[in-house]
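Next come two complexes, and both contain subunit A; in the first it sits with subunit B, in the second with subunit C.
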Partner chain A sequence: MHRVLGDRRAIAILLGPALLVYSLIMLVPMVWSLGYSFTKGNTIDGFTGNGLANFSRLFSDPAVHDALWFTLKYAVAVTVGQVVAGYLLALLYVFFLKRASALVRTLVFFPVVLPTVAVGLLFQRFFQVAPQTGPVNSLLNAVGLDSIDFFGGAGHAFWVLIIMDIWRSMGFYAVLLFAGLVDIPDEVLESARLDGASGLRLIRHIVLPLSLPVLMSSLIFSVNGTLKVFDSIVALTNGGPGNGTTPLTLYMFQTSFTYGDYGYGSTIALLLTVVCLLVTLVVFRVSRRDLTES
Partner chain B sequence: MKIVVGLLLVVEVYPLIWMFLTSLKSNSDYLNNSTWSLPSHWEWGNYVDAWTTGHIGLYVRNSLLAVVPSLALILLLGTAAGFALQIMVWKGRSLTLLVFLAGMMVPSQMILLPLFTVYFQTGLSGTLWPLILTYTGTGLPLTVFMMATYYKSLPRELFEAATIDGAGILRSFWTISLPMVRNALLTVGLVQFFFIWNDLLIALTFTNSQDLRTVQVGLLNFTGDFGATQYGPLFAAICINVFGTLVIYLFLNQKVMKGLTSGAVKG
Partner chain C sequence: MNTVSSAARRARLTGLTASAAAVALLATACGGTGGGSASAPKNFSYLSVTENTTVRAALTTLSKGACADQNKALPLKVETVAQANNDQKLQLLAGQGALPVQFTMGSPALTQQLAKAGKVADLEAKLKSLGVYDQLEPAAVSTIKALYGGKLEVLPYEYNIEGVFYNKKIFQENGLKVPGTWNELVASAARLDAKGIQPFSASGQQGWPLTRLIGNYLYRDIGPDALQKVADGKAKLTDPEYVKAAQEVADLGKKGYFGKGVGSIDYDTSMNQFLTGKAAMLYMGSWALANIADPEQDKIGAANVGFMPFPAVSGGKGSIDQYPSNVGIGITLGAGSFDGKTGDWVSCIAKNYGSTALKDQGTISGFKVNTPVQDANKVTSQVRTTITSAKQNVLWFEALFTTKAQTVSTTNAASLVSGNMSATQFMQTVQDALASQ
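Showing the complex of A and B:
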């Protein structure tokens, strides 16, 4: 029997094509890209080796420092925002709306599947001052405040970006965490209630610890996604004003395609990859420790 | 609590309603009247402009030509690989699965430049092939992983019994396992559809001429093509994109939610 399920020819036929495509499109280019980071130039002009120059440039380039800082700041803000908002929504679904939550879940999930470019263009107009006052500024005016030029400074643009991305993604985390909360056995909640726990205390001491595993996977998933943010920034601010909202992904893209420097672009891509792996590992380690303690 | 829920729904839905209403305004209407007002006269022609002058029709066609083959390849290759990795018994399969998994963590930026070079040198650059190939490669990690997880719920004995009845393993894969994972195929297919359809980075990198632009790249450059002043057609173009996506979502929302979350929990 094991001969049939271990048939090497069948395994090769089934797995071979996927493995081949995956290797050619992902694995080989990863290593290749690593090689590019020791060169200068691009596809059209050709490449020349330049040793470790890209790496020393990486460490002294103020634009890289800004982009790295922006990436981390953005990742922390959006991760916290979307997981917390998602968790509150999930609690709302489970403990308040109960069985009636299906419609609300569907509506709040809407923006998750919408194309980011479309959402970005929509939010641009939604928060604009000129040529026409957008709804947000109209609302500010209506309560007696002055209009804010949201895209005139990096500080405001950052917050519009955060609001937009939390708006886009909180429904997803809500459903994810909802699935985790539904798994908590009713008897556990019931006996805790009998012991006098209710409201916030019930959530703090029973619900939160029991939903920690799914919270942690949301966290890892969220961090991994937010560090790679690209679409929403390109569509909303395109990195501006100046390079005030430029993350590593966009800086890499501009370096490679606007300035035609593939070698340095690859070095920035490598930095981004290392950051993603490090952060994921750290979150993973911390969550493991938390889970075994509680 | 009722107020909170009400507020939540307004925040979720109002931007979309505003966008739709704005797509029906004329330019002077948009610039001179209040942003809250209804269109003073319903400008359905904006949709015609977006579709023809704005080339949204062409972009939709390009997106379809890139997405459909990619999706077919991802599902076919991913399902076969998931079967080989989960149902079949051989040394090194957990390591192979791990190699696929690693692909989910690595940012696409890491593979763009080598691929660009290869596509350029092989002359594929002027076609949609770079998109199809790249989408297939980047879609595989999640698909392989999700299909392997689904196959875990099928008992291996099923395929052993089929063998006793004289079916080869490839035949079992095709005629027995595929119908049993039909639901999973739909779910994974939907998730991948949304990922690929909404992709900007890969499409932006590999489409160098206007004739090849996908919907997302086209939308991003829409203002440029039209001149900055045509707001009605711009919003009409966004609406075509958003409401097209919404229709698919509304029909299949349970599957979409399930697919995206099961992909996430395990990813």
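Showing the complex of A and C:
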């Protein structure tokens, strides 16, 4: 075995096919896309070199600034919401519902398997003001308040998006964190209780530090997923009103495929990749330090 | 022995490298810009937008009737795509040289781009050589040429004029006359609103029914060249007289004349609001005649629907008899697949489409009506007479815009009338989009 693995040609033959396939389906498109960033044009007119013009345009384009700001704002709000809600649900499953949690877990998980478009339509109906008054506005009317046009302004539409995406995904994070919580040895919890720790003190000093690794994994999952959000926004607001709820992904899609500006679209995609990479590195650093501390 | 084995390994590695290079080259070739090549089509393939049911229904009727022989030689095959995704699909198909025989175009800008790349048939030359150019209504041809840089780049499957459809009964009950000026229109709306009647129905989700009002105000106020000046760079949408048009429309929204949550109202709902008597007026094109003629949809009755031109703006350079017109969503034919059998189909369409669409769908096209058809109702007759007598046509707000500016304009229209965006901000945003491409 050692002789085979020590032979460079054997390594090349064993790794070659996988490397080739990986290169063709992952590396080539990535490099290709990067190459498009230095071009102008589309599939109809063809592509011509454009130097660094797309990059300078990226810095001066107010739509990119708006989309980047929206993406970050959305990622923070949804990440905090879905991980906190997921963690609270996981605590509920483990410490209160215990063995009876199966039904609640299934019900809370249910929106995860629903198609995004169906969830988008559901929330549109839920928050609509016209042609029919939706349940939320009916409730507002019932307590004497005026109806709100939730999709008429970017502010309200943003919060509907946040609520929808937290509702849609908290079941997934609840199950993920539940798996981390049930891993905490019973003896540790029992000794903490004997030492007088209970309720919030038990959670703060015992449960939270011991479930930190899975909490960090959830954060990385969540941040990366929310930075690349696309489908739920398209289904609920399609980026509107105006570009009020347009994230980088949607702006990139519109630029490339609707406006036929593939070069600039690739540059926006590159910006998104860099943002994802930076955020992941920050979360990794924080997680490594915290793990050492715990 | 060792030497032979090394040589064999070298040969195998060389083979592997060559295969990898070949696969890579193949992949590279697949991703090219693609020019497309001329080839005889097997079907009369037609890529339609899902939302437009009229043309494909009429073509299907023709394929079973007047054009049965042409259909036997080259069977009609219809595919659909959502209108919102149409431009994207066409760009990808064009890049791969896989455009269908006939396809629905989205924005005029993309049509011209495809035409410049030689992917759209020269329809004027083709129709002339087929001897059916005279089957097109001259007014429709002039509208197409105004829109597509002086060329006939699409077929006039529709020929629409636009204006305000109004509910005669509501007008009568409230003592209103047909408004001749913008101020009279606003005054009528105020009177209706005061009586608890929603003056206008419009789709903010689509956006264009609102921006059409801005465009028409500009044509009436500045004159029929108002938006050509913007396209030519001689004027900007941020100029005060242009912002004024957006302000006038924004004011209608501010006063609540479009009803609640206009941004959530889609096209069908806005049509439904008018046809069920929940709103007094609807700015729309003559394609709405098909809905008006359908008793299932039209609960107020076709006899109760009137049509008025977009009113004049006092002191403006435009005139009330300059009708906003269009040819619906442009439908064109690919250059590479236009052969003899396709030509036969096009000849048959040119001779028969006008009567079939009017008889079966109640819609007016830019093809001559060779078999007389009785109008479905009075308002259809009124619109047909107006089309025939119209002296000058004008386009619509986004007609000469780039795809990006068109999208920005329609997606921000609801914000303008709901007060989330000022008139200046709206025009600045659209002007920026125009300048950025």
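Following the convention adopted for this analysis, the second predicted complex is superposed on the first by the 271 of 294 C-alpha atoms of A that agree within 3 Å, B and C clash if a C-alpha of one lies under 4 Å from a C-alpha of the other, contacts with A are read in each partner's own complex, and residues count from 1 in each chain.
Methods note: a residue touches a chain if its C-beta (ideal position, glycine included) is under 8 Å from a C-beta of that chain, and two chains touch if they have at least 3 such contacts.
Just so we're clear, the structure is a prediction, and the values are computed from it rather than from any experiment.
Asker: Should A:Leu24 be classified as contacting the first partner (subunit B), the second (subunit C), both, or neither?
Answerer: Both: A:Leu24 reaches subunit B and subunit C.
Asker: Touching A:Ala197 in the superposition: subunit B (first), subunit C (second), both, neither?
Answerer: Neither partner.
Asker: Touching A:Ile184 in the superposition: subunit B (first), subunit C (second), both, neither?
Answerer: neither
Asker: Which holds for A:Leu212: it touches subunit B only (first), subunit C only (second), both, or neither?
Answerer: A:Leu212: touches no partner chain.
Asker: Which chain makes contact with more of the residues of subunit A, subunit B or else subunit C?
Answerer: B
Asker: A:Leu97 contacts which: subunit B (first), subunit C (second), both, neither?
Answerer: first
Asker: Once chain A of both complexes is superposed, is A:Ala77 in touch with subunit B (first), subunit C (second), both, or neither?
Answerer: neither
Asker: Please work out whether A:Gly152 is in contact with subunit B alone, subunit C alone, both, or neither, and reply first, second, both or neither.
Answerer: A:Gly152 sits against subunit C, while subunit B stays out of touch.
Asker: Which partner does A:Gly239 contact after superposing on A: first (subunit B), second (subunit C), both, neither?
Answerer: The second partner, subunit C, only.
Asker: Looking at the overlay, what does A:Gly46 touch: subunit B (first), subunit C (second), both, or neither?
Answerer: A:Gly46 sits against subunit C, while subunit B stays out of touch.
Asker: Mind sorting out which residues of subunit A both subunit B and subunit C touch, each in its own complex?
Answerer: Common to the two interfaces on subunit A: residues 24, 28, 32, 43-44, 131, 257.
Asker: Under the definition above, what is the set of subunit B residues touching subunit A in their complex?
Answerer: Residue list for subunit B touching subunit A: 1, 4-5, 8-9, 11-16, 18-19, 22, 30-31, 34-36, 73, 77-78, 80-81, 83-85, 87-90, 96, 99-100, 103-117, 120-121, 133-134, 136-138, 140-141, 144, 156, 159-160, 163, 168-170, 173, 194, 197-201, 204-205, 215-216, 219-220, 222, 231, 234-235, 238, 241-242, 245-246, 248-250, 253, 256-257, 260-261, 264-265, 267.
Asker: For subunit A, which residues are in contact with subunit C within the complex?
Answerer: Where subunit A meets subunit C, its residues are 9, 12, 16, 20, 24, 28, 32, 42-47, 61-62, 124, 128-131, 147, 149, 151-154, 238-244, 254, 257-261.
Asker: Inside the complex, what are the residues of subunit C that reach subunit A?
Answerer: Counting only subunit C, the residues touching subunit A are 9, 13, 16, 20, 23-24, 27, 31, 33-34, 87-88, 91-92, 94-96, 110, 113-114, 116-117, 119, 259-265, 269, 272-273, 402-404, 407-408, 411-412, 414-415, 418, 420-421, 429, 432, 436-437.
Asker: Can you check the complex and tell me which residues of subunit A touch subunit B?
Answerer: 1-2, 4-8, 10-11, 13-15, 17-19, 21-22, 24-30, 32-33, 36, 43-44, 89, 92, 96-97, 104-118, 121-123, 125-126, 131-135, 138, 167, 171-172, 175-176, 179, 214, 217-218, 221, 224, 227-228, 230-231, 234-235, 249, 252-253, 256-257, 262, 265-266, 268-270, 272-273, 276-277, 280
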